[in-house]
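Look at the two complexes coming up: subunit A is in both, with subunit B in one and subunit C in the other.
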Partner chain A sequence: MGTKRYKGIEKKQARWGIAFVVPALIFFSVFNFYPILNAFYTSFYDRRALSKLKPKFIGLANYVRLFDPARADNPLSFYNSLKATLTFTVGTFIPLLIISLLLAILISNLSSNRAKRFLQISYYTPAILSSVVAATIWMLIFDPRGLGNQWMNLILNTPGVDHKWKTDPMMLQISTMLVYFWKYIGYFVILFIIGLATIPSTIYEAATIDGANKNQTFWRITLPLLRPTVVLVSIMAMLQCLKTFSTQYMFYTNGSTRAPINVITFNIYITGIQDQYLGRASAMSVVLFVLMLVLTLFQFRTTKSGENIDY
Partner chain B sequence: MKKSVFLILIIALLLPAAIFAAGTKDQAVDETKPVTINYWTHDDAARTKLENELIEKFQAANPHITVERSTRSAQKQIELVQTAFAANEGPDMFNLPIENQYAYITNGRVAPIDYVAAGFKSKQDMLDKYMDGILDTVTVDGEVYGLPLELTNWAIYVNKKVFASAGLDAEKDYPRTWEQMADVSEKLVIRDGDILVRRGFDFRYPYYLIMFVPMVEQLGGSLLSEDGKKAIINDDAWIKALTFMQEWGPLGRNLGSTTYQAPRYLFNADNNDIAMAHTGLYQEGRMKTENPAFFESDDWMVVPFPVFENAVKDVASAYYGHFFMVNADSDPAVQKATWKLIGFLLSHGEDYLTRGGNLIQPTKALLASDTLKNMPYSEVFINDMARANMVYYGSDSAEIQTQIRNAVESVMLSGESPQKALATLRSAVQEIIDERR
Partner chain C sequence: MQIQRTYNPINLLIYAFLLVMLFFTMTPIIFMITASMMTKNQILRMPFNWIPESLNWINFKRAIVGLDENYIFLRNILNSLIVSVTVAITTVLLGSLTGYGLAKFRFRGRNAIFIMIMATMMIPFEAIMIPLYMVVMKLRIQNTYVGLILPFLVSAFGIFQMRQYLSTFPTEFLDAARVDGMSELGIYWRIVLPNAKPVIATLSILAFRSQWDNLLWPLLVSQRDKMKTIPQYITAFAAERNTDEGAMMAAALIASIPMFVLFMSLTKYFIGGSAVYESRKG
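Entry: the complex of A and B
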């Protein structure tokens, strides 16, 4: 009897649970499942944006074209997009991870709450700006007559030098990384601060009593216990970097050359929207999806995030 | 429990298909029923003011028609219209540059003109009223698919004060050739180290089909062979034009670059930061609004598009058009009402020229009118148009322009050799035209 009653309550509770989850599921289905499935499907077809004709099934031809070695020489090829995406991701995600962690530790160790709050808000502010607004601000800074050259020339004592922020291929890549770094650093600092707050202070007290110095505390206590947050931040940062688009788009529309910053998402946009090859753009999206999936699984494996941390 | 969760997940997966499969447009024909026309166009303050006024009059005369006009930036307009059409949700009426718009005709997305609704007696009556050949651009299999909102070409605006400050007399010393353009710019330019504080002239990046391809044509080259099957004709011409751009850029004589502010946005301010800008007749209207004193002064003039010293052809900057078109999937009653609106708007050509953004609508009446002739330097634009070609407007034009941009910018900014850039360009453009055929 008692078991039966228990099951009834559980069922009743589950129904409410389902009721609360259904709206989110519907939303997710319409705006995520459908586009994902549709992109997979479309990637096997020669579908043009404006054509009213029935798309022609072409099997793996879109994928074969993407990885055709004969096209690798063209700076706008998919090969070069992969290269540009990986360069951007490595160049942005690693500094983002390390510096956000260091800043979080610095802020967490401040004794003044007002200073803590001020720094948290200061670092987080760029994250609430739209990417377009952020890129527009930086466009002005990177203008040849803008603050970028003025600051660099002041620091390096090189009056009149144009550092070609938006034109030289390497500087252009660095510029897009800088914009992205500035925009997202605050977000990851906040995540690390939350992660640091979950480590019980008693562990630090015990370590202090045992005579551990700050360096030992960081490497032996903080970093191991922060591992779940590090995994979370590293995966989120990496996925964000792989999906970068608006920064590159703004640079391109402001006159920068495309090849060095032709990341996969930007190539998808040009191929699908401007050139109207929806099938080909879908194949690129699928490759990006697989790339993100593989790198995420790889990170999970290498960081062994499945292991629980017990205090 | 597991079953119900599974069921919900399946429903969630199928739901989008049901939603996206729903509903097609009502195809009923009823000319008297109230209709709403969705008209999408690009930003232009002067034209918006005029069209809002005209639309108000049109609605008063046609109470069953409501016009919903919306605007956005020119670039956004290109993307939004295409995305909407791809989802079968395109506007009833829209305009785009012809190089972006032509694909709508070839893909059956737009309806042929309803001559009578647009206010003409017949097709011939309409053809007789427009500049010879201009509607060929939008004619496929004998059907005409659009009417021109504007036909635009660009010439060179010159600030005489900047010339004078460099010890030059603009009237005598303005550049007639590209070689002179580089030399005169060298005299006009002011640098702070490598940084250009004042430029003589700079190109209108990234409109390479409009300004760069004609430079190649001057030297005897062309984008495609006459039969349209072969890309990049006459390597010498292309290499010479690419070399000129390389010398122009920061790795050469450092006279300009793609990332400085566009000259046409600087010219009207008369702030001693640009001497020459490549832009259209519409610039005069903007100048008049933004800096009336400069507009009224004798400190500026307009001169023709230069040619290379050893040019084999006298070709000016290409002209392009924006056409009004009507969505073929719109309700027939809406289509009819839309052509009526287009006919009404375009019957005010002189208003568009004088207070609607200085737009030239290429009707014979307007081209022969004193209103056009009396506009400052309009003869320069008319003469340049006579020695120009229509911009390349195939359905692949945007893709080809991207490849030309890559070639020019790789030599200007990345130090690529013109030969290598040309080889890459040729293979990319050849592939594009092969795919389209």
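Entry: the complex of A and C
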């Protein structure tokens, strides 16, 4: 009798559990799993928005077109989008990683807690602005008569030179990287400070007793123990950079040329929404998805191995 | 690893570097505030004068009155507020409900469901926006709040955080409430939710920010001026009035005020929000 009643309660409990989980499950099926399957499906069709014609099955033609070497000369081709995205990603996340790690170590070693807190908050402040606002501010700084030129000329001692922040293709790429770097530096500094705080201080004490100097402690203790954080943060930064859109869009709508900043997301937007080639845009989406999936799986693998560190 | 308080050159170098980075992160924000009160000639003057000679409020008026003098900016702020607040609320409610279900109930397929939900974190929004756009077109909900909000109702990340947090919650409390005859929904509402405040704060800030910052999705679904959001307004304003630098900065500053207020009053949850991300590796 007793166990039967207990079973009944357990069954009732299970039903409540399912009821609590079902709404989210339906949501994810409709707004995540269905769309990604649909993107795969649509990528095999020639489908246009606002067209009365039935979508035509064209196999891999969309993908072939994306990676067609003959189209590499077209500055707005997907091939060049990939290149622009990779340039942006590498050019942003490497400085972001190195400088945020450096800043985190320097801040962690300050003796005044007040200075620590002040610097953390100040470095973090740009992150609270929206990407659009960040881009708007920097667009004025990059004006030919703006602060960007004034600072650069002060540093390089080249009075009166215009560095063409928004017009020269390479400078344009650097400008977008700078905006992104500025917005996210504080965020990554804090991630690293948290990572540093998890290293037990006893290890440092032991190292000091053993006669290790600062240099040795950093290269032999801090960096190896921080490795899981470094991997996690760098992949997170890469994933972020691969999805970049607002900054590039903002520069484009303000008159910069599209080709150097035509990142994948931007290309999907133009191809799918403006030019209405839904099939082609879906193929691009699938490529972006696969690219990011590979990075995420890599992150899972490396962080799993990172868990086994024994202090 | 304490830095000694001696004035050796390496320490000077460190302080100089920290100061340069401080200058780098803060000056653009100060520039936005100063420039919003300056005339065009003062903003693009070489060398730049950091203290405005006179306070020039007309920029704010031009930013608010807007491109067609229809005060659509105010409507767009309202739209952004409605979308961001709604998404913050649904993220917390549905996230905690699902997280609670996954943390404290036993049922068949629980782990499979959890893994499925976690797997959606690998699907970037940018890769599914085209199919989502097609769904919105089919449902004819473009230019509506529903269309703006629907894809962001729940976040897998929010569910994950709630589940992690609630699994440490003592089950005895829940059982005691059950013995007292409290309903399951009552337990969720009166015991579970009030005890999840730190996660609620962090998650709602994350959700609010991401929608306040969202440009891409509104670009796809909101074409009518009345239904546009702040990032869209600023983009359009900066593109069409790109010679009115002062008003551009005023619009940018107004759009940032809610975030400044939130940041100053809830700093620890902003900074803590990054800590939450970090815990993903655990």
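The rule is short, and it goes like this: the second predicted complex is superposed on the first by the 263 of 311 C-alpha atoms of A that agree within 3 Å, B and C clash if a C-alpha of one lies under 4 Å from a C-alpha of the other, contacts with A are read in each partner's own complex, and residues count from 1 in each chain.
We take it that contacts are C-beta pairs under 8 Å (C-beta built on N, C-alpha and C of every residue); 3 or more make two chains touch, one makes a residue touch a chain.
Computed from a predicted model, the values in this text were never measured in an experiment.
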First, second, both or neither for A:245, with subunit B first and subunit C second: second
Contact breadth on subunit A, by residue count: subunit C or subunit B: C
Which of subunit B and subunit C A:285 touches, first, second, both or neither: second
First, second, both or neither for A:253, with subunit B first and subunit C second: both
Which superposed partner A:124 touches (first subunit B, second subunit C, both, neither): second
Touched partner set for A:25, first subunit B, second subunit C, both or neither: both
First (subunit B), second (subunit C), both or neither touched by A:132: second
First (subunit B), second (subunit C), both or neither touched by A:98: neither
Partner chain(s) touched by A:186 [first = subunit B, second = subunit C, both, neither]: second
Which superposed partner A:109 touches (first subunit B, second subunit C, both, neither): second
Footprint overlap on subunit A, comparing subunit B with subunit C: 14, 18, 25, 28, 33-34, 49, 143, 145, 149, 253-255, 273, 278
Residues of subunit A that touch subunit C when the two form their complex: 10, 13-21, 23-25, 27-28, 31-36, 38-39, 42, 49, 99, 102-103, 106-107, 109-111, 119-126, 128-134, 136-141, 143, 145-147, 149-150, 182, 185-187, 190-191, 194-195, 204, 214, 217, 222, 228-229, 232, 236, 239, 243, 245-246, 249-250, 253-255, 264-265, 268-269, 272-273, 278, 281-282, 285-286, 288-289, 292-293, 296-297, 303, 306-307
In the complex with subunit A, residue positions of subunit C that touch it: 1-3, 5, 14, 17-18, 21-22, 24-29, 31-32, 35, 43-48, 94-95, 97-98, 100-102, 104-108, 110, 113, 116-117, 120-135, 137, 150-151, 153-154, 156, 159, 184, 188, 209, 212-213, 215-216, 219-220, 230-231, 234-236, 238-239, 242, 245, 248-249, 252, 255-256, 259-260, 262-263, 267, 270-271, 274-275, 277-278, 280-282
Touching residues (chain side subunit B, partner subunit A) in the complex: 1, 4-5, 8-9, 12-13, 15-17, 19-20, 75, 79, 82-83, 85-86, 103-104, 107-109, 191-197, 205-206, 250, 257-261, 396, 398-399, 402-403, 405-406, 409-410, 413-414, 424, 427-428
Contact footprint of subunit B on subunit A as seen in their complex: 11, 14, 18, 22, 25-26, 28-30, 33-34, 37, 48-52, 73-76, 142-145, 149, 159-162, 164, 166-169, 253-259, 270, 273-276, 278
